[in-house]
Amino acid sequence: MENKTKKTIIVFSGDLDKAMAAFIIANGAAAMGDEVTMFFTFWGLNILRKAQKIRAKKSFLQGMFGGMMPRGAGRLGLSKMNFGGMGAKMMKMVMKQQNVTSLEELIATAKEQGIKMVACTMSMGVMGFKEEELIDGLEFAGVASYLGEADEANVNLFI
Amino acid sequence: MENKTKKTIIVFSGDLDKAMAAFIIANGAAAMGDEVTMFFTFWGLNILRKAQKIRAKKSFLQGMFGGMMPRGAGRLGLSKMNFGGMGAKMMKMVMKQQNVTSLEELIATAKEQGIKMVACTMSMGVMGFKEEELIDGLEFAGVASYLGEADEANVNLFI
Amino acid sequence: MENKTKKTIIVFSGDLDKAMAAFIIANGAAAMGDEVTMFFTFWGLNILRKAQKIRAKKSFLQGMFGGMMPRGAGRLGLSKMNFGGMGAKMMKMVMKQQNVTSLEELIATAKEQGIKMVACTMSMGVMGFKEEELIDGLEFAGVASYLGEADEANVNLFI
């Protein structure tokens, strides 16, 4: 059954600006009483990484990928005009000036609001991310789980 | 109530190619009798900037952002193979050869067809864009307004 | 009439990672009994190119575009960390280690499962791609066809 109060968002991108857009939409919907599920896949998993380095068994290539990708919401770059991180820093400063909630706060709010955050297990396998490397409170599932939820939702976005 | 004749598009990207895709879909739907709402957010706001420089009160960082981002539909780059603007120029030439409507014309058609174009006020705050810097005929609203419209639509895209 | 078993995906991107995401979702839905239509437009057409060079009449600019863009699923780059193709190679190696199906196999499965793959004729005109340059088994249509299908689907993504 379609449910007017359900939304799903696939978070494929690991860019700060797109991650913010995803969480702003998700939190807005949850605040309006909607049930929201976010599926983090590919680069989107970087948003969920813990900031500290966690030891985990990986293949050489997975270790390289992991070492090159940002560890968590605090280290993401912009999709445009990043200039080696300068752009992201500037964007965060402007957002603070404008009293826009930071990505870290948006994620905390999402958890408080009961938004279901799902990490794609297949992508975790490819990237070599273990559950203990990702923030707490996640669920772990694959594409079939996403499709089941999308069938019940009335808005489904890919970001 | 879901409405078979309603569509929403979030235009997050400010790339020429993605902007064209968004307007081609939007105009196509409007031509078929659909009600269409486009929400412009983040880089997507660049599509709506007036070509001429408008004086407006901005913070230093907002001024820098504004100065570095393209002013309007005529100055956007491609998401791929832009080569400092060369790619976008070539793409426009090929499109002209192929009698594909230009982005400027697509925007004019969208207005004529009564497509609702909404600029995201939160993003305007971050980017430092004032209403007078954007083209005429826009509405101004936030995420709650988007979600209300998406609930009534049967196709919702994020571009 | 909305159909719980219908999905559409616009494949705008020609990046390996996004193409894989699109086909994994599409194949997952088809495996669950859904009817799936994929619309390939702009850079997404590169995914459908045959690997071998095909002679076709093109304008000078179209020839340039065609020469610079990857010929088919085997030559796509990553949307991030591509490093001139190194990133894509590494990603493919990790995927093989993890027994993740390759893009070429995903496309073959999509065909076997009867997923409708549609090449956008307007984009083909712009890029200068002829039908004989693209893989077999495609349909050819424009935005009106997409909108007609999206109206019947309950999940519509833009990738």
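For the reader, a short list of remarks on this structure follows.
Letters A, B and C mark the chains as written, and numbering starts fresh at 1 in each.
Definition applied: a contact is a pair of C-beta atoms (placed from the backbone, for glycine too) under 8 Å apart; a residue touches a chain by one contact, two chains touch by 3 or more.
As the structure is a prediction and not an experimental result, all values here were calculated from the model.
The pairing of chain B with chain C is characterised as different-residue: of all residue numbers used at this interface, under half are used by both copies. Least-squares overlay of CA atoms from chain A onto chain B yields a rotation of 120° to the nearest 5.
Measuring from the averaged C-alpha position of chain B to that of chain C gives a distance of 25 Å. Shown for chain B are the residues in touch with two or more other chains, namely 2, 156-158. Residues 2, 10, 12, 14, 41-43, 59, 61-62, 64-65, 68-69, 122, 125-128, 143-144, 146-147, 150-151, 156-158 of chain A are the ones that touch chain C when the two sit in their complex. Put simply, chain A touches chain B in their complex at residues 2, 4, 17-18, 21, 24-25, 28-29, 32, 34, 79-81, 90-91, 93-95, 97-98, 100, 154-159.
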